[in-house]
Amino acid sequence: MITKTVKNAAEAVRDVVSDSVLMFGGFGLCGIPENCIQALLQKDLTGLTCISNNAGVDDFGIGLMLKKRMVKKMISSYVGENAEFERQLLSGELEVDLIPQGTLAERIRAGGAGIPAFFTPAGVGTEVAEGKEMREFDGKMYLMEKGLRADFAFVKAWKGDTAGNLIFKGTARNFNPMMATAGKITIAEVEELVPAGSLDPNHIHTPGIYVQRIFQGGDYEKRIEQRTVSKE
Amino acid sequence: MLDKTQIAKRIAREVKNGQYINLGIGIPTLVANYIPENLEVVLQSENGLLGIGPFPTEDKIDPDLINAGKQTITMAKGSALFNSADSFAMIRGGHVHLTILGAMEVSEKGDISNWKIPGKMVKGMGGAMDLVASADNIIVAMQHCSKDGQSKLLKECSLPITGINCVKKIVTDLAVLDVLPEGGFKLLERAPGVSVEEIVSKTEGRLLVEGEIPEMVFD
Amino acid sequence: MITKTVKNAAEAVRDVVSDSVLMFGGFGLCGIPENCIQALLQKDLTGLTCISNNAGVDDFGIGLMLKKRMVKKMISSYVGENAEFERQLLSGELEVDLIPQGTLAERIRAGGAGIPAFFTPAGVGTEVAEGKEMREFDGKMYLMEKGLRADFAFVKAWKGDTAGNLIFKGTARNFNPMMATAGKITIAEVEELVPAGSLDPNHIHTPGIYVQRIFQGGDYEKRIEQRTVSKE
Amino acid sequence: MLDKTQIAKRIAREVKNGQYINLGIGIPTLVANYIPENLEVVLQSENGLLGIGPFPTEDKIDPDLINAGKQTITMAKGSALFNSADSFAMIRGGHVHLTILGAMEVSEKGDISNWKIPGKMVKGMGGAMDLVASADNIIVAMQHCSKDGQSKLLKECSLPITGINCVKKIVTDLAVLDVLPEGGFKLLERAPGVSVEEIVSKTEGRLLVEGEIPEMVFD
């Protein structure tokens, strides 16, 4: 069994340099790699391109990287929860590529799966289609979209083993599994790291082949954006 | 005029037994509360869940379980979890029967705008472009007019488009309307106390009014 | 919860008609829908197009359908275990479309996922590329391949619930999950059918949305093609 | 001359620590038996398993657990199961480091033929076309000549191609050869008792022989 374990987040992100392309798993603040983001904030990085469905909030997640001006460009589908983001975008300080969520997910999957391009109906007739190849199949129009990869992909799982196998929990799975496949180097932080052989092979969401480094994270805040409750 | 709850209640009547349904943020989320109990439907959350349950009680809150509006939720019996690529594979592949979402504008051709106001608001399209490009049946929940009284049911959308020729039905605070395959809105029902004339005057796009238009009834 | 249960295989295949396009899960004889194949053999069908990675063996699986001359065309990646197949093919009685295994799997996934076409490097420079669009991305050549769907998809799972959620076992998973997504009507036979709510939502391989009919099969033979053992 | 076991043993020396490896049917499958125990590698089975273990003992046979050659297998510690689309996503995406497979013919440009003999044999390409189109490192295990003595290391493949410009190294019963990036075979080692002259005479494609060619040594 190939062992992927590193000591902590600082060691995991040791070779991330400025101007890299990074992917971050998570949907909103759910399932984001909190420890890796904290470790990246400790480094003196600029000019990053960040691929993430959302851009965090003003004071948490990728929002903190935006505030520190580490990010040159965001590739996301929805950024509505972040005022600093909106400010940097409208002022032209930040480049933004907004992509339909399903197209973003599929482009990342394609990148990891060796598929350079595919066709999707999402965005036909909209500004998303500008400059893209259009084609008709069976009477319906589609856009050609390309695969996406990253220098580093940061993913957060619930459980992981020393061979890099990952299991996610609830809807914290979201973009994490595809991003794990699309990083040249994929770094996984997990709530619980177990020895290889402890996880049921039939329950694994991300096979270890995709993970180059893994560590057990700590101090998960798991901030909730919209706390909604029912009465008993 | 319908309030938000009534719009949700009226849309809930469109739901059919056995449907898989995606509910957008805002009024569409409320629809879940009014689906008749004798119908068996499954709610899809595009962040990776089939089978959204009720909001959790305080002791059941799980930060790892949210809907597409980032609200804490629970899982219904028989639910399934998956990743975002698989979720949109499901949506794009036409497996979700009904999509209910909000809109800023809808055109008489069924075009919808709901993701951007140039120079003012850029939240992003999220999953809306995938949903409207893929679903067979799309129902829009919206206000008939903007705050300054401008019709939002237009000949052409003025805002950036989310999807073209996709909206099938609209429920506003004033009326229920179909979008006709050949273009144009067809008035089906009016809100309690709202006259046909008011709806006509507040609909900029081509509006077809045939025969008697019934008034909606709520319990 | 939407209930998908039918009584048995005969009821599940009741509306399959001649000249339909059918998909069958399985790799070799591992994970094939044995009960559905038996039920189809009882029906008077001809002109079928069968999409399956393999074509069974002479006396089991899809091989039995070939022997009964129910099949007009096979779409497969490897058919090496079936002499009757080879005979019908070489004599021109059977049309065959041989497709690289990864392309077949991805075409079925694409069909179920609303992706009408994608690019793959598999088959470039070979007869598989004949008549297909070629395109270069980042200096490498790719073929355009199209999504595949079927009128009926027959899949076999280990466990399933009344809502149609499926869990596969071992390498009997193979083509079953993609095919479940690509059938206009997907019929699942399972070794154990449990009430909705009995399966962990985090362990489900195929969400119930893809399954229109489900039943508990019986008398699984699970024939082994290459019985290989180690000494103790 | 090497027998099949020796070909497998020689190929096993090419394996590096930490590699994910796909082994084809036949001699390549045997390679697993000779990978040095101090190396940590993971074997991929394209029908949906990372982490192939040894063949099962009689009491551990599970018909739901087979390799791509349809042989019963076991799972190694830390293995993972997945479907065929995910398996080839892994292969196509370049995540598998090394592919070892058999061939009927290899050309001096690194083209490989191994799936069809027109009019005679049509088994299909299985996963071979995906594997050879995607892997960075492809090693072929094959006989140097056909049964009737014809070279199988050719200028151009005569049989239908499986993939082009992909084979990096060949281990035959007579020799170990690299396929040069600019085309041509380069002789690296000869089998015990086999002369350079014999290899030259049995290689139809362009063959580069530089300096002393060492003889392979087996324990």
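Each chain carries a letter (A, B, C and D) given by its place in the written order, and its residues are counted from 1.
As a convention for this text, a residue touches a chain if its C-beta (ideal position, glycine included) is under 8 Å from a C-beta of that chain, and two chains touch if they have at least 3 such contacts.
What you see is a predicted model; the values in this text were computed from it and never measured.
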Graph distance between subunit B and subunit D, where chains that touch are linked: 2
Length of the line joining the C-alpha centres of subunit A and subunit C, rounded to whole Å: 33
Interchain centroid distance [CA atoms averaged], subunit C/subunit D, Å: 28
Between subunit B and subunit C, centroid-to-centroid distance (C-alpha), Å: 36
For subunit B, residues contacting two or more additional chains: 49, 75, 81-82, 88-89, 91-92, 134
Subunit A, residues touching no fewer than two other chains: 106, 109, 113-115, 120-121, 168-170, 202
Every chain pair meeting the contact rule: A-B, A-C, A-D, B-C, C-D
For the subunit C and subunit B complex, residues of the former touching the latter: 1-3, 109, 111-115, 161-163, 165, 181, 196-197, 201-202, 204, 207-210
In the complex with subunit B, residue positions of subunit A that touch it: 27-31, 53, 76-81, 86, 89-90, 96, 98, 100-106, 108-109, 120-128, 158, 168-178, 205, 222-232
Of subunit A, residues touching subunit C in the complex: 106, 110, 113-121, 135, 137-138, 140, 142, 146, 167-170, 202-203
Residue ranges of subunit B touching subunit A (in the complex, touch as defined): 45-49, 54-58, 61-73, 75, 81-85, 87-89, 91-92, 111, 119, 121-130, 133-134, 160-165
Footprint of subunit A on subunit D - complex, ascending: 18, 20, 40-42, 44, 49-51, 75-82, 88-96, 134
